[in-house]
Amino acid sequence: MNLIPWQDKPNNWKDILWRYSANPIIDRYAIPSSNSIFNSAVVEYKDGFAGVFRCDNKAVQMNIFAGFSKDGIHWDINHDPIQMKAGNTQMIDSDYKYDPRVVFIEDRYWITWCNGYHGPTIGIGYTFDFKEFFQCENAFLPFNRNGVLFPKKINGKYAMLSRPSDNGHTPFGDIYISYSPDMKYWGEHRCVMKATNFEDSAWQCTKVGAGPIPILTNDGWLMLYHGVINTCNGFRYAMGAAILDEHQPDIVKYRTQPYLLGPSELYEQIGDVPNVVFPCAALHDSEEDKLAIYYGAADTVVALVFGRLSEVIQFTKENSL
Amino acid sequence: MNLIPWQDKPNNWKDILWRYSANPIIDRYAIPSSNSIFNSAVVEYKDGFAGVFRCDNKAVQMNIFAGFSKDGIHWDINHDPIQMKAGNTQMIDSDYKYDPRVVFIEDRYWITWCNGYHGPTIGIGYTFDFKEFFQCENAFLPFNRNGVLFPKKINGKYAMLSRPSDNGHTPFGDIYISYSPDMKYWGEHRCVMKATNFEDSAWQCTKVGAGPIPILTNDGWLMLYHGVINTCNGFRYAMGAAILDEHQPDIVKYRTQPYLLGPSELYEQIGDVPNVVFPCAALHDSEEDKLAIYYGAADTVVALVFGRLSEVIQFTKENSL
Amino acid sequence: MNLIPWQDKPNNWKDILWRYSANPIIDRYAIPSSNSIFNSAVVEYKDGFAGVFRCDNKAVQMNIFAGFSKDGIHWDINHDPIQMKAGNTQMIDSDYKYDPRVVFIEDRYWITWCNGYHGPTIGIGYTFDFKEFFQCENAFLPFNRNGVLFPKKINGKYAMLSRPSDNGHTPFGDIYISYSPDMKYWGEHRCVMKATNFEDSAWQCTKVGAGPIPILTNDGWLMLYHGVINTCNGFRYAMGAAILDEHQPDIVKYRTQPYLLGPSELYEQIGDVPNVVFPCAALHDSEEDKLAIYYGAADTVVALVFGRLSEVIQFTKENSL
Amino acid sequence: MNLIPWQDKPNNWKDILWRYSANPIIDRYAIPSSNSIFNSAVVEYKDGFAGVFRCDNKAVQMNIFAGFSKDGIHWDINHDPIQMKAGNTQMIDSDYKYDPRVVFIEDRYWITWCNGYHGPTIGIGYTFDFKEFFQCENAFLPFNRNGVLFPKKINGKYAMLSRPSDNGHTPFGDIYISYSPDMKYWGEHRCVMKATNFEDSAWQCTKVGAGPIPILTNDGWLMLYHGVINTCNGFRYAMGAAILDEHQPDIVKYRTQPYLLGPSELYEQIGDVPNVVFPCAALHDSEEDKLAIYYGAADTVVALVFGRLSEVIQFTKENSL
Amino acid sequence: MNLIPWQDKPNNWKDILWRYSANPIIDRYAIPSSNSIFNSAVVEYKDGFAGVFRCDNKAVQMNIFAGFSKDGIHWDINHDPIQMKAGNTQMIDSDYKYDPRVVFIEDRYWITWCNGYHGPTIGIGYTFDFKEFFQCENAFLPFNRNGVLFPKKINGKYAMLSRPSDNGHTPFGDIYISYSPDMKYWGEHRCVMKATNFEDSAWQCTKVGAGPIPILTNDGWLMLYHGVINTCNGFRYAMGAAILDEHQPDIVKYRTQPYLLGPSELYEQIGDVPNVVFPCAALHDSEEDKLAIYYGAADTVVALVFGRLSEVIQFTKENSL
Amino acid sequence: MNLIPWQDKPNNWKDILWRYSANPIIDRYAIPSSNSIFNSAVVEYKDGFAGVFRCDNKAVQMNIFAGFSKDGIHWDINHDPIQMKAGNTQMIDSDYKYDPRVVFIEDRYWITWCNGYHGPTIGIGYTFDFKEFFQCENAFLPFNRNGVLFPKKINGKYAMLSRPSDNGHTPFGDIYISYSPDMKYWGEHRCVMKATNFEDSAWQCTKVGAGPIPILTNDGWLMLYHGVINTCNGFRYAMGAAILDEHQPDIVKYRTQPYLLGPSELYEQIGDVPNVVFPCAALHDSEEDKLAIYYGAADTVVALVFGRLSEVIQFTKENSL
């Protein structure tokens, strides 16, 4: 178990989560070609951390890049995007790659991302070492975004959350789950969680999408997610939490009516897409009761927010819709 | 081999297809509850024909109904919709069912339709006798329409065409193919055929979707399909043909630049949705070189159009985009 | 009691309502200036009938015209629109007038219509003789359409149904009720009946609006109304029925899931706005159990449909949502 | 002077214009490749008539075709579209050609049409014999439609009406005039006539566009034009008339508040685009006081309507906005 | 007369209004549950001030909260929203409450707000002590926003400004006035002031809505209001002033062509809805010639701006449209 | 040759362009009436610089103002807008003027701007002394924006770039070139450069428009331009460069795939329209290899960015699409 990034809660802080004091941790121009680095994924790797980063270059082409860190805060991101080799399939086109997630299952690190194949859909790949990457068949038909794998098989099958979309700025979006015996063919699709009614919880009334890899807790799967409201000046993205049934994760046991984190710092409110908090990864240390969530801010930079795992779960149960 | 419906080509007729002289063959009020009967599927069954019909009732709820015919023209349609039993899955919701297709594969009749599960997706079911029906897992996540199975396995797997959509009147639409080892999990999704550029063939420049079950010919799979243009007064649906590679059907060998059949008869130009020709089924007799295509007209009635299979193929090859 | 227009139900007719055999009863060019005559109101008057007719002229300006008939079928419509005098108010602008309803309450005939005052709202006027007309204050702020008065006071107050709108082709619309002590000030607004879910009854899932003056029956107020579905080729208007509580008419006791009359005749399917059936008036003879409904067809002509009052009520109760 | 097509006004006919009794004069399938023939231009030529016809083929590609007629009613249309040679310019792309107008000026027949050059703009060409055609520089930048030349120079310059547009179904549209010393460079653009307010004349409140070549009369230029209203079921096109100042034609002297001809016959109300009357050419015989107007009906066929030139002018003056 | 909040005009300040130097006066997180506090109303109360505050909680549910202050700048806002008792009516649903205004008339404090009853409409309530609140009938049918009462009866009747809307982000909006004899039934609706033409005053060309309670001056009613322009990046809200006739307030005597206050400070330009200045209350001291305006900034916080009443009136008269 | 504004490149700066350290150089309130000053043009004039500035006043009316500077950084802008006299035409309406460009050709300074004549089009004027200005005929029909003249005749004719538009926030836009023998009549329109595919270069995939006057270099015309991406929170404007053929400038020889300058400073990210970098003028000194580009930031202020002309050209050639 590595030491995950951490700062203690500031004095007199009343919210469940508190931001890293030196946010953002990754600047938009952190590598020479980048216009922005955000919505990225990290995992524990060897004695430190590895990550897959969304870096849009200055042509605003979207791609994913590997990176490494000793402490989870200071990152060396490769200057060239990940080159994929053929995995369980012939190689198919990929017009762009963005919003990666990473998870270790059994023997390897699986990566999912939004893959450009005649529009956005869910790309799947894997690596053993973050140097050599293999691309598999897309999980679904277009149009889809925010494909997030569970960190272990459920009822003997791989399980993936995703959010069916359209081919544009999609003004709708619900979270579904699908299963696969082999990471190649997918089925048994179930609706997990829909956008809310405006009256019940407006911050998540336009669309919702899964964020980091779900975390198994005593209460079930903790799923951090983003929710969106469509204001008269555009979309605003915030973060919430839900707890899914361990064995039948299309059952939502709890779901936060309030958001956990909303855009209120300058680096969240200003950038290429203002007012965006978009979590894509989380590290946790159950023994230490620590949770560190990585999120893209304003579609421009990467930031970090901390919390106590137990408090997040308790808050989710006590403030459930 | 049953005798399929047929009329010889009228004298001096210059087009490839000619309509049945007593069209429409099924009236909108053919069963007591119906508001409209259209976009329906028929197959040879025993010494006659069976069919699965889209009947919207007078509440304009969409459902599918079994029907039987001796000659393929005069039909007895059940007054009650098909009741499904659980097939390869627990039973899932189905808010509505429409636009069925039917095909015999190996030992049973498979039915696909647009299934209402949090929006339109592709429902799958089967029957042995058109009396008892079993519903399987939906093939895909929402949103999807026009799921059409191939009449035999390809490279050892079931193959299905479909058209990913959004949750409304979808102003886009391309044809994809997906494969399944077991009719439960689907993958290996490939784009087959997209809507055209306006300049090249405007009748199919907004969206395209597969129609009847593809017919295997010496040139490959004959896929009849609908194409849509978005006029200033709404969508206009016409019918074209494409020939797909037998073994790798995501390869389009030929595709008609002109349409084969466009709305020009009163029952095609007027109805609940004017200017719609929407093919969902075809009977053919290769020895007699006969082709009979069933199509929904104006989202209101069912009509029939005839042609010579060889001429359709030749026309498709000679007038290809 | 005058003899209302009538034809007996045709043999073998299975629906609840049957059309007048010589429909439409008023042609689009029935008066010299008219482009179309539709969505009009009639009442019993002296030994015959009087009416207020929507005639759009050939500049497609909308106005209302008085007319008279001996039999309710053959009409003499004035060639000049109604000129209003000031009623309970100074005279206000009226950019256009359309979709009138007429009802006798206590001592006079009240007319409501869609009145152009910085957009559509509900105009109110009255007459004693269909020669001299008085215009009152608009009932509501813009934007509103389909204001329909009850034929007597309820709990001591005038009651009006209406359908709040926007300033265009309004893709939404629910029926509300409002009360007034004096036909000048209105309040106690309550929602009566909303558009349905698509799955439950799609023909009325986009908007609904009250039609003729409600008819008091033993079961409550019979409210005929129009419902709209938004197809990919535009709006389609059909007619349904609801029964409202006699004393608290914001309570819907029954409401037809199927429509009672949908566009299926040529004069309903073709015209300035295809696929429109829009009822604005009804005559009934409770003793004879007769009901004659006037409706605009395709925003172009006036047509007539008959039914048995008792059957309509029974149908509404037995086919309620 | 040739004899222009003519039928006397039917008895008891009250409108200014009356349709040819055998309308439509050109069927949608009049040439082998055609899907529709409409919005076309004719002129007197030799001892008969020549024309340039919009024929959309069955791929719904738009192009213009030459045709000839003895009587102006029965037409021989070439089966191949017009092939252009380079006129006052190198040859430029033309993705499509539609809605032609034709006019004789000085020594040749000039043709204008909607030309596909990165979107619709105004193409110009000329011919001396309707066999050999020369294409000139486009008059304007995209996006533009309905370019109509005056039949003689005004103040020493060529003059053209046009209607600036966008790259889609353009929900706006006003008529402008531009001048050129040489048919190559254009300037001095002036707004002539805008769409009306809804309240004043709703049939022309969405957009207006010039129709046939203007006719010089004692009162000025008679400009027939189309006007459009956007109903909830799409655009509806009707025809009006305006009289422009002879020497400064951006001055509108009169303009009909009512339309002269609206869609009310089946071939105008039904077709590829329902409810369209779209005039593109007119023949007149001032001595005989005859006017014959060719118009596209429902974007599908060509029809003919007659009137007395003097009556049209008088009507325009007496019913002016 | 209490001392209203005040700072003198800064040296060399050239605009009519100047901001409070410690803006914003109320932070978004000022109470534990709040996501944002803005668009709120204050009045003089006892020896200090009372207010009704819009606090959106962290579920982004909108509600109104009472608060108290000694100096009008530092506020104690209740942690629980106002609970209403039934006033002049049975209790009706209220899905949400936002954008309150408060005014003392005769014997009590009246509150109006945007009330969620099947969409936004104008809620009315009253209190004597800001502890016990009574809810009355909604003033109008949906959809409406920005209901603002006059501080005394006009011609013996209560008078209210409002802005009819649609059920979304309403891209239009004009100010109307309505009258009531009893705060229950409303009528005599008149249009007061519309959005401007883009060319005349673009900052208020999309919509306008009344702000604080109008202030009676020697020149008539001073009505501060917000105006909106729709930029390519969303709505931008600024503040203007108009002077209405004292006795017939639908007559606009003067109206500022320039805005008085536009978003240009960081807390106005950044927040949940960037670029919003939205006034909802004003305190004034006529003897001291002081005006203090409370406005919501960026839909996130409350700010304060000062001016001389006489200068505002003079400016309005001298810079009138 | 005057000394153009300049700062040397900061140490360790890696991008091609670097901002002036005291940006913005012109504040939004720099003249008494202004709401914002941005998108403005400067040229060398006498021993200093002259400019034409877009100042929107506090009514948000758009107009252009002359200004003068010794050093190109500190500007005296007239407090009154430019008054035009009639140039090569009678005077025509101009509802508004914005986004000017200025260029010296032969004997005078030509100014082009977006001119409000029934919507935006390209206005042309000239001056000899920046005191007396003459307005010419508009170059094109509406709707057009971003008209930019070349600094000398090409093939004997004036040449102008422009971007045809619609009458709103135009979600499309390509760059065209047109020619004129006399600055009055324009023709020979050619498409120069279109918006890119999303996959190739997303920052310029929605629309592109020419910026400063093109600069003739050994490689051809250096055209700086703006490109736009449509994010879910609105348009984002950045700057790129292209090199056009010297003699046939509709040929694009090179075009930057990455942007040269994107909004990333606070004054570019916040303002009346956030996230806008919009270049309208450039000064260059070929001998000193200096380039100073003036750009509007956030539609609110004017800023300055520097670069080496040779490096910009080299970068454009090496990073071409």
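Order of writing sets the chain letters: A, B, C, D, E and F. Residues in each chain are counted from 1.
Just so we're on the same page, a contact is a pair of C-beta atoms (placed from the backbone, for glycine too) under 8 Å apart; a residue touches a chain by one contact, two chains touch by 3 or more.
Keep in mind the model is a prediction, meaning the values are calculated, not measured.
Steps from subunit B to subunit E, taking the shortest chain of touch contacts, total 2. Any chain touching subunit B that also touches subunit C appears here: D.
Of the two chain pairs examined here, C-D and D-F, it is D-F that is joined by more C-beta pairs in contact.
For the touching copies subunit A and subunit E, the fraction of interface residue numbers used by both falls below half; the interface is of the different-residue type. For the pair subunit A and subunit B, the distance between mean C-alpha positions equals 39 Å.
Taking each chain's centre as the mean of its C-alpha atoms, subunit C lies 58 Å from subunit F. With each centre defined as the average position of its C-alpha atoms, the distance from subunit A to subunit C rounds to 54 Å. For subunit C, residues that reach two or more other chains under the stated contact definition are 233-234, 270, 274-275. Taken as a graph of touching chains, this assembly fits none of the simple shapes: it is neither a line, a ring, a star nor a complete graph. Every pair of chains meeting the contact definition is listed here: A-B, A-E, A-F, B-C, B-D, C-D, C-E, D-F, E-F.
Contact residues on subunit E toward subunit A in their complex (touch as defined above): 28, 32-33, 35, 56-62, 95-96, 116, 169, 233-235, 270-275, 299. Within the complex formed with subunit A, the subunit F residues making contact are 14, 199-203, 229, 231-234, 236, 257-259, 262-264, 266, 269-270, 274-275. Residue ranges of subunit E in contact with subunit C, taken from their complex: 89, 92, 117-119, 121, 137-144, 162, 164, 166-167, 172, 174, 176, 178-181, 184-191, 194.
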